[in-house]
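Below, chain A partners chain B and then partners chain C, in two separate complexes.
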Partner chain A sequence: MAILEVKNISAGYGDLTAVSDLSFKVEEGELFALVGANGAGKSTLLKTIAGSIRAVNGSITFKGQDVTKDPDFKRSQDGIALVPEGRRLFHSLSVEENLLVGAGTNRKGPWNLKSVYGLLPILEKLKDRNSARLSGGEQQAVAIGRALMSNPDLILLDEVSLGLAPIIVEQIYISFPDIRKQGLSIILVEQDLKRTLGVADRIGCMLEGHLLLEGTPANLTHQQITDAYFGHSVQSFDNAPSAGGAQ
Partner chain B sequence: MIWLNSIAQGILLGGLFAMSAVGLSIAFGVMRIVNLAHGDLMTLGGYLAFITIKYSGMSTWYTLIIVVPVMAVIGYYVQRILFQRALRMGELAPLMVTFGISIIIPNAFTQLYTNNVQQLPVGSLATSSIQLNNMVSIGTFPLLTLCLSIILIAALQQYMARTKMGRYMRAAADDSEILRLMGVDHRKVYGVAMGISFATLTLAGVLFGMRQGGVSPYDGHLTVLFAFETVIIGGLGSLWGTVLGGIVLGVAQTVAGQFSPEIPLLVGHLVFLGVLAFRPNGLLGKEALR
Partner chain C sequence: MNNSILEINAVSKSYGNLQVLSNVSLSFNEGEAVGIVGPNGAGKTTLLSIINGTELATSGSISFVGSDITKQSAEERSRNGIGRSFQIPRPFTHLTVFENVLAGASFGGNLRGVAAQNAALEALEKSEMLQFANQRAGSLTLLARKRLELARALATQPKLLLLDEIAGGLTEAECASLVQTIKSLKSAGVTIIWIEHVVQALVAVVDRLICLASGEIIQDGNPDAVLKSEEVLSVYLGAGI
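Moving on to the complex of A and B:
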């Protein structure tokens, strides 16, 4: 059964439409990766699913319930957690306090301070540190831990590796299988294509607010993805409609 | 010695200023609401105490047990029903709403109880004092106010630091959008914060009325100024800063009063302007993060 079903969703900021008429499904326990250039609408799509941005059109169904009209905190209580772009920690709170606020949904599940410290041991050492005084990688670990504290069913990871040293990104990716063991579904937005192909069950490629291409790492070629990524006329698609008039 | 006495009186007065400023600091710190009606709500608290005395005959101190919780509940619903809607309409709307309240309250009480001062008797405490030496004497009531103020601020500090709701308030001050994504209904958090703000300003309003001998409709126009000055001098977002700000403002006023009875307010404002010019973040304020 699909845990999340997005149907014909459109969203944006004021007059700007960042996501238009987009549909996809995420199966239970699946890791769905969204790739695309800057400005393709990936972050907007995640924010729309989390409820920070209201959809102009379309519907979002989560665990069989229509949540399109639910406010952000209600969706979080239902089990959607967003790890936002830029981490967005609470800077006047300590690491542990950030994690505790993350448990604001009071949802039951495997994640609590102890298990999050078990998964991300670096956090236990830093627990009393003010979260403003952390490195980028440490902040990212707090942001992931904070989202897990809500015991979500679906976690939305926005640009987890952006601006981080490769070695730290490696550590974060190493924790993925442990996170997924609990049957958690993940939508991952990532710039690093190689890494994405390594972990994703399915990939969606976004361009200018549209989902251009969808498939599994096995049945998509690298060429197809890069074409969709950069918006080249998609010659490499087997079933591409003839690009009449395109140069 | 006479200076020492006026400094002592200033510190005591500062306790009252600090108490009246705490609620303003919370409303701005957590909700980013600039509450222009803060002083008039203090007046409202004073009048509620007066009305309670009038109909029950209890002493002013006991009315606090009724008036403070009542105002806390009012604060919660004013936030939920009025300010929350205003917040959705942008930054200017809450300012206009509080400005409106600041006009309604004094005018309503002028209609109901005239412009006259309504008594808030302190009882025997009004005149009792502790004589330190032949020049310095500490009034029992002002001392009590200062102690209450410090206890209140220490308690609030602990509440903010240790309780779940306090944590949510600090998180909301940092980033309320993300707090909502953590499954926390920010409107409830805001409501509780405004409830605390109303409770503390009521306590300050009643004590201010007791100190002045009573409450009159337009007291709020002055008290709101003192509260703002205290918050700015001490530093926005710092609870202990309000104690320091209150004491600085209080001492400035009483010391100036030694020179001439006409200049205390003026000197208080000048000290405030000086802080604004040379330490815009206040004496204990954090560097602006945004």
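Moving on to the complex of A and C:
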């Protein structure tokens, strides 16, 4: 059963249409990855699903209910959590307090301080630190933890690995199967195609506000995606050693 | 060309009782491109802040082209040739791209009138942002915001350019094109210190790689050797990479 159904959604800012007549479904427990160049509309689409911006047209159905007109806090209580690009923590609060804000939805589920610290051990070490005193990557880890604390049914991860050290990105990717065992559905925006193809059940390619292609990693290759949807072959990085390959 | 451009001598930095950098000493040569990697919270961004003066060192000293700059403000250092891009770009969203870069040239580079305008145009050209010159900065995509951040730093006409995670969040194609831009700056003789988790992008440009962990330098040398060292694999890259 589809947990999320987006039908003919358009959204944007003023005269700018960032997402245009776009439709797709996410099945329960599925990991759906969105790829596409910067400016393709991926972040706008996630914000529209989370309710932080309103759709101009179209409808969003979540767990069988039309949530198109619901404000973001209502959708959060219903089980949609967004990890926004740019982190946006409460800087007057400690790391642990930021995480507890996430738990404010009072939803039941596997995520609490203990399980979040298990997933992201870096947070336990920092729990009493004021969040204004965190490095960029540490803030990103808090933003992910805070979203999980709401025990969502659907988590929207925008640039999940932005600013994180490779070893932590690895930890997060390794934990995806466990996170999903709890039935959580995920929409992932990530620039590392190799990683994306490794974890996604399905992939959607966006270009200029449209969803141009949907498929599974089995029937789409890295080359197909880059050639067809970025309009040209990707240049390789010169003299990159095999040990590199972080994100 | 082994002329030292920047000397960091026994620099430590604390925020209250939180020690972020411990007794860091580094020397950078003119024209060198150096990458900095390390776990989250290692002190990488703080090190850049100490170099460009947005933070002052708690102890230790810094000299730039032979002069002690330890107590100089960020404005003075910028006018003396230290330019910086920030991890989270915060342009003046209601100004155009050109106006943002002009502000960099005027206030950061201490240029006036036509000289400032020319520096701004040149910076826009080098960072491939000329086509967006009249667009409001608030309407830019992530790639364009990162390039604007680079243009603002370049408009100050830096001898030393500090880059903080400029490649994060870009697609491979966008990242490859940014790498070309940074390479051409290096060829033009700008000294570059670049923090980046996108290690592939970094090693395409840098001649030297430093790994910081818990405020200390744990590796410094040839990028290949640094990335293969046990210490860096265990604290930063992880086994699966």
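Here, the second predicted complex is superposed on the first by the 226 of 247 C-alpha atoms of A that agree within 3 Å, B and C clash if a C-alpha of one lies under 4 Å from a C-alpha of the other, contacts with A are read in each partner's own complex, and residues count from 1 in each chain.
Here is the rule we use: contacts are C-beta pairs under 8 Å (C-beta built on N, C-alpha and C of every residue); 3 or more make two chains touch, one makes a residue touch a chain.
Note that the structure is predicted; figures quoted are calculated from it, not measured.
Contacts of A:21 after superposition: neither chain B nor chain C is touched.
Legend: residue contacts after superposition of the two complexes on their common chain; A:214 is shown touching neither chain B nor chain C.
By the touch criterion defined above, A:84 reaches chain B but does not reach chain C. In the superposed model, C is the one of chain B and chain C that contacts more residues of chain A. Judged by the touch definition given at the top, the superposed model places A:39 against chain C, while chain B stays out of reach.
Contact with neither chain B nor chain C is seen for A:70 once the two complexes are overlaid on the shared chain.
In the superposition on chain A, no contact is made by A:124 with either chain B or chain C. When the shared chain is aligned, chain B comes close enough to touch A:50, but chain C does not. Within the superposed three-chain model, A:100 lies in touch with chain B and out of touch with chain C [touch as defined at top].
In the three-chain superposition model, chain A touches chain B and chain C at no common residue.
By the touch criterion stated above, chain A contacts chain B in their complex at residues 50-52, 71-73, 76-77, 81-82, 84, 88, 90-93, 97, 100-107, 132, 146, 150. Put simply, chain B touches chain A in their complex at residues 164, 167-168, 170-171, 173-175, 177-186, 289.
Within the complex, the chain A residues that touch chain C are 13, 16, 35-39, 85-86, 122, 126, 129, 133-138, 140-141, 159, 161-168, 170-171, 174, 191, 193, 226, 230, 232, 234-241, 243-247.
Residues of chain C that touch chain A in their complex: 15, 18, 37-42, 44-45, 87-88, 139, 141-144, 165, 168-177, 179-180, 197-204, 223-224, 227-228, 235-241.
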